[in-house]
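One chain, chain A, appears in both complexes that follow, with chain B as partner in the first and chain C in the second.
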Partner chain A sequence: MAVETTKFPGQPESDPDLDMGQALLAQERRERLIQTVKIGVVWVGLIIFLTIALLQFNFDPAYVFKHFGFVLQGLPITIGVSLASIAFATILALLGAVARLSNNSIAQGISGFYVSIIRGTPLLIQIYIIYNGLPQIGTALIAKGLPQIGHLFILTAIQSGILALSLNYGAYMTEIFRAGIQSISGGQREAAESIGMNRVQILRRITLPQAVRVIIPDIANQFIAMQKDSALVSFMGIWEMTYRANRFARQDSKFMEMFVVAAILYWLLTIVSSWLEGILEKRMRHAYER
Partner chain B sequence: MSDNTIIRVENLHKWFGLLHVLKGVSFSVTPKEVLVIIGRSGSGKSTLLRCLNFLEEPSSGTIDIAGQSLTITAGTRYDHDQAISMRLNTGMVFQDFNLFPHMTALDNVIEGLVTVKKIPKDKAIPIGMNYLIKVGLEEKCNEHPIRLSGGQKQRVAIARALAMEPKVMLFDEPTSALDPELIGEVLDVMKQLAYEGTTMIIVTHEMGFACDVADRILFVDRGIIAESGTPDQIFSHAQDERTRLFLEPIRKVQQI
Partner chain C sequence: MKKIYLVVTLLSIFGLVLSSCSTGPAAAKDKLAEILARGTLLVSTDPAYPPQSQLQEGGQRAATTKCASDQHTASELTGFDIDVAVAIANKLGVEACFVTPDWTLITGGNWSNRWDISIGSMTITPERMNKLYFTQPYYTTPAAFFVNNANTTYTQPSDLSGKKIGGATGTTYDSYLAGTLQIPGETINLVVNNAQFVGYETDLNALQDLALGDGVRLDAVLTAQPTGAGAIKDGLPLKQLGDPVFFEYLAGAVDKASTPDPVPFLKKVSEVIQGLNSNGTLLQFSQKYYGVDLTTAAASFDLAALNQWP
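Up next, the complex of A and B:
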């Protein structure tokens, strides 16, 4: 059988008016660059304006420089807690989504209950329950003569923080995974069924790999949100950025100075994360580019 | 069931809600036969084909494929595991190709071999290449579907179905989503398969092709088989008024 690889019409090397196309392309690029530079100037202008404005009102830059390093030392903990939590949350979300999409009524019931209860309560309350509430049960179990089980309920601050963030984000991400899997067309599933694949094989080989590509931006969004929500675990005395900022802010009544420092660090962290996500997204697009 | 049938369908009904799409369809197919199903849009011909590999769950009726038999009674649960094992007797080619976009052409073809038949990948690759050669696309083996034309995609989809070595190939309007200039290459592959003695059931609107390749044609109208016969009987000497009404305008356009 003859194989025909038709050339697309208007291929560059065959066109005598190639210069015109290249000039148009260069023009387009130039305009885009100018636009980017202009937006950058606006950003710089805003930053300068806010800095000057702050300095007019009893803001102590020397104090900022003195304690910047102290707050920065909390960054690894913020990143660590976020990374661990997003990893656990992803696993929970995957299990949750598969359960929600299964035909099994028990699995569907459990995952629906989990998503509902977590999404229906504030993260702060969940942290309180895990860090302050669970030890109450733990102590009672120990008193009843079950020390091994009892100690499982008494978590350190870091453990509580990671557990709370994982459970919380796992619930939201369950919905993201579910929607992602459902967004893969029925035709894909039918094609897989027609070559004899079972439900697990279809999920693992066909729908999930395609869904992951669709939901990468959403997961990255959740990760960025989590980096900021990790500030909520500061009240348990974890020495992450917010806790460190808070310490000096209260001690010396330098609230604006310290919290601006913390805010800038969170902001930079999320900018770096978005940038990394952009790279990841580009790499995953490979198979879909002509 | 006589020894010389590979598919036998008896009194097949399909309901979508309260819409009665198939109203007791019965027919059989012999090995190496090419059966073409024609009919208007919405007549139930695609549903009929999709019931044969249980992509649609039949509401009631009996389906025998290659010695395995499944009888479904309306309102009772049937053996889904058996339906799935019967599915391996058929290969399906879809109107929209439904290639897996995250895999290369070759990976698409060997996916079933590796995942379902558990053939080691290094053994599956030469098998897959053979089927790509059969559809004339060996040089596209490492391309992802997005870089293939519609006709090439459909040929890869045919290779993917063939690789599982089904006893019967099912084609659900395989050229309906193609640009006119790409239809020929797909029909050529199908003609080649027919020539080699592949048992095929084809739902199509390509009447010229149907005329060429079919051993027998079923005309489906409103959920029943209105008429069946050889291409000559159907196209030139249709007995049924509905068949004539359906074919008359087509004949004028396609000059059969």
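Up next, the complex of A and C:
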């Protein structure tokens, strides 16, 4: 009669259960890899299909290769506008979230109003109001003898674009920041209070460092969305990618060609951005992984 | 309460950062003096209308320029309007800098002094005269109907009554088809009645749709003769229908609400334009971009008849 030997973890002899588990894991990995490769093949197939389909209908690839550089020159503007806007939006969102979570009714009222009004109106309307509407107030103020304040309301195209994108994304990100701050348990706050930290110290030393880790992916998503929304500022005549594609296409009536170029550039930009976001996310998670 | 002060402070810093780039204009006694002191003539143009104004591929920003960073130098654009603007600026002894807002922003007036003048082939209309002052016209444009090559039933513009006609929204072609067009110094002969107007962002979009086939999306397009001719030269299967139905006088425009007083500036620019017309500079540009003389007729336009300022 065979005696069942008890296995303890860490024993040097091979364990048939463990081996089987590892084999299963390896199998699973292989299957995942095969699945990924299959999906990749479908992507390549779709891209080839779309390219061939386009080429059947009077699409001029030589024109694309000859002129894509002109659209590409708008890339730094697109990136610059997005970067500046996400920076200002982050500041606004932090202020908004702190105000929303405070007990002060005025602060809560202001930030609630801000989030509601911005999220409830189209970004294009906000751009119109800032670029076309505000100067009306500005000129009225100048006429009333307040030129310094009046000129604050008359913004150039770039300033208007950055302000509109910052205000808009600041409102959405206020909610993201609020959720991030709320995700840090109240016990930590109480512990910090018990050792005598004031509210600013708690926010800066305890809550924010942890909250930022949670909200980084969401901020990055907002940044990616903003890169595409920045196309709206072309209306004011900022020479970013959409403007360049649109105005250039008109010269030779090559709309499909130039807009496909712009679309591909935006697509590549967002792919690179989400890849960078993945790296950043992995780094932020580092301390929490074993 | 401390937090509110913090919020207010940060918001005002935000505002200051935004505004720090825009410098308030120095006090000058009129617009002309301000421009001469600044050394730049800030011109608005929408580079969506070749050959009047288009983007210059490979055009680099001029190395030494007085233009602000969000303005463009003449080397980045090309076209008839651009050449005229540069010629005017040269005569004034300043550098031409360009901004490119949407066309509707230019015609609407209330520019808030963001730019000095529009050199954008703008037709003089009574409606626009409410918002804008016009300079002496620097050329004229015949407006004509275009139809698809495949069409054989239309022989003259009056055949288009009741048809689907495309054009750029807010243009004189829009007003002509609506029967409301008035051009100072010209009697408009409305030959097309009850047309179904289809509005487009620009004339070229309309021409594109017309090129899709006779009656597919449009039966005809009303646009500038040079614009239509340019589209035909680029290979669109279109043809002009009959003679031009009206002529437009195209001039520079200045916002009436400009500060300080823009009238001396307007008079000076008008003088410069007449000078460029009589010395053959404008004719040379017209030959270069259109291959025909569109400019000489503009010199006989009586600007004083517009009665724009006291």
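The rule we apply is simple: the second predicted complex is superposed on the first by the 258 of 290 C-alpha atoms of A that agree within 3 Å, B and C clash if a C-alpha of one lies under 4 Å from a C-alpha of the other, contacts with A are read in each partner's own complex, and residues count from 1 in each chain.
FYI, a contact is a pair of C-beta atoms (placed from the backbone, for glycine too) under 8 Å apart; a residue touches a chain by one contact, two chains touch by 3 or more.
In this text the structure is predicted, and so the values were computed from the model without any measurement.
Upon superposition of the two complexes on chain A, no clash is found between chain B and chain C, which fit side by side. Once chain A of one complex is fitted onto chain A of the other, the partner contacts of A:L280 are absent, as it touches neither chain B nor chain C.
Of the two partners chain B and chain C, more residues of chain A are touched by C. Of the two partner chains, chain C is the only one that A:G237 touches; chain B does not reach it.
By the touch criterion defined above, A:A107 lies against chain C but remains apart from chain B after alignment on the C-alpha atoms of chain A. Using the contact criterion defined above for the overlaid structures, shared-chain residue A:P209 touches chain B, although it does not reach chain C.
Shared-chain residue A:F70: touches chain C; no touch with chain B.
Residue contacts after overlaying the shared chain place A:I162 against chain C, while chain B stays out of touching range. Looking at the shared chain after the overlay, A:D252 reaches chain C, while chain B stays out of its contact range. In the superposition on chain A, A:E193 makes contact with chain B only, while chain C stays out of contact range. In this overlay, which is a superposition and not a single complex, chain B and chain C have their closest Cα atoms 16 Å apart.
Across the two superposed structures, the residue set of chain A contacted by chain B and also by chain C is empty. Residue ranges of chain A in contact with chain C, taken from their complex: 67, 70, 88, 91-92, 95, 98-99, 102, 104, 106-107, 110, 132, 135-136, 138-139, 142, 147-148, 151-152, 154-159, 162-163, 235-239, 243-244, 246-248, 250-253, 255.
On the side of chain C, the complex with chain A involves touching residues 1, 3-4, 6-7, 10-11, 14-15, 18-19, 21-22, 24, 46-50, 54-55, 57-58, 70, 72, 99-102, 105, 110, 112-114, 202, 204, 207-208, 231, 234, 236, 257, 259. By the touch rule above, chain B contacts chain A in their complex via residues 53, 55, 84, 87-88, 90-92, 94, 96, 98-103, 111-112, 115-116, 135-137, 139, 144, 146-147, 149, 157, 160-161, 164, 185, 188-189, 192. Partner chain B is touched in their complex by these residues of chain A: 1-4, 6, 185, 187-188, 190-198, 201, 205-206, 209-210, 213, 287-290.
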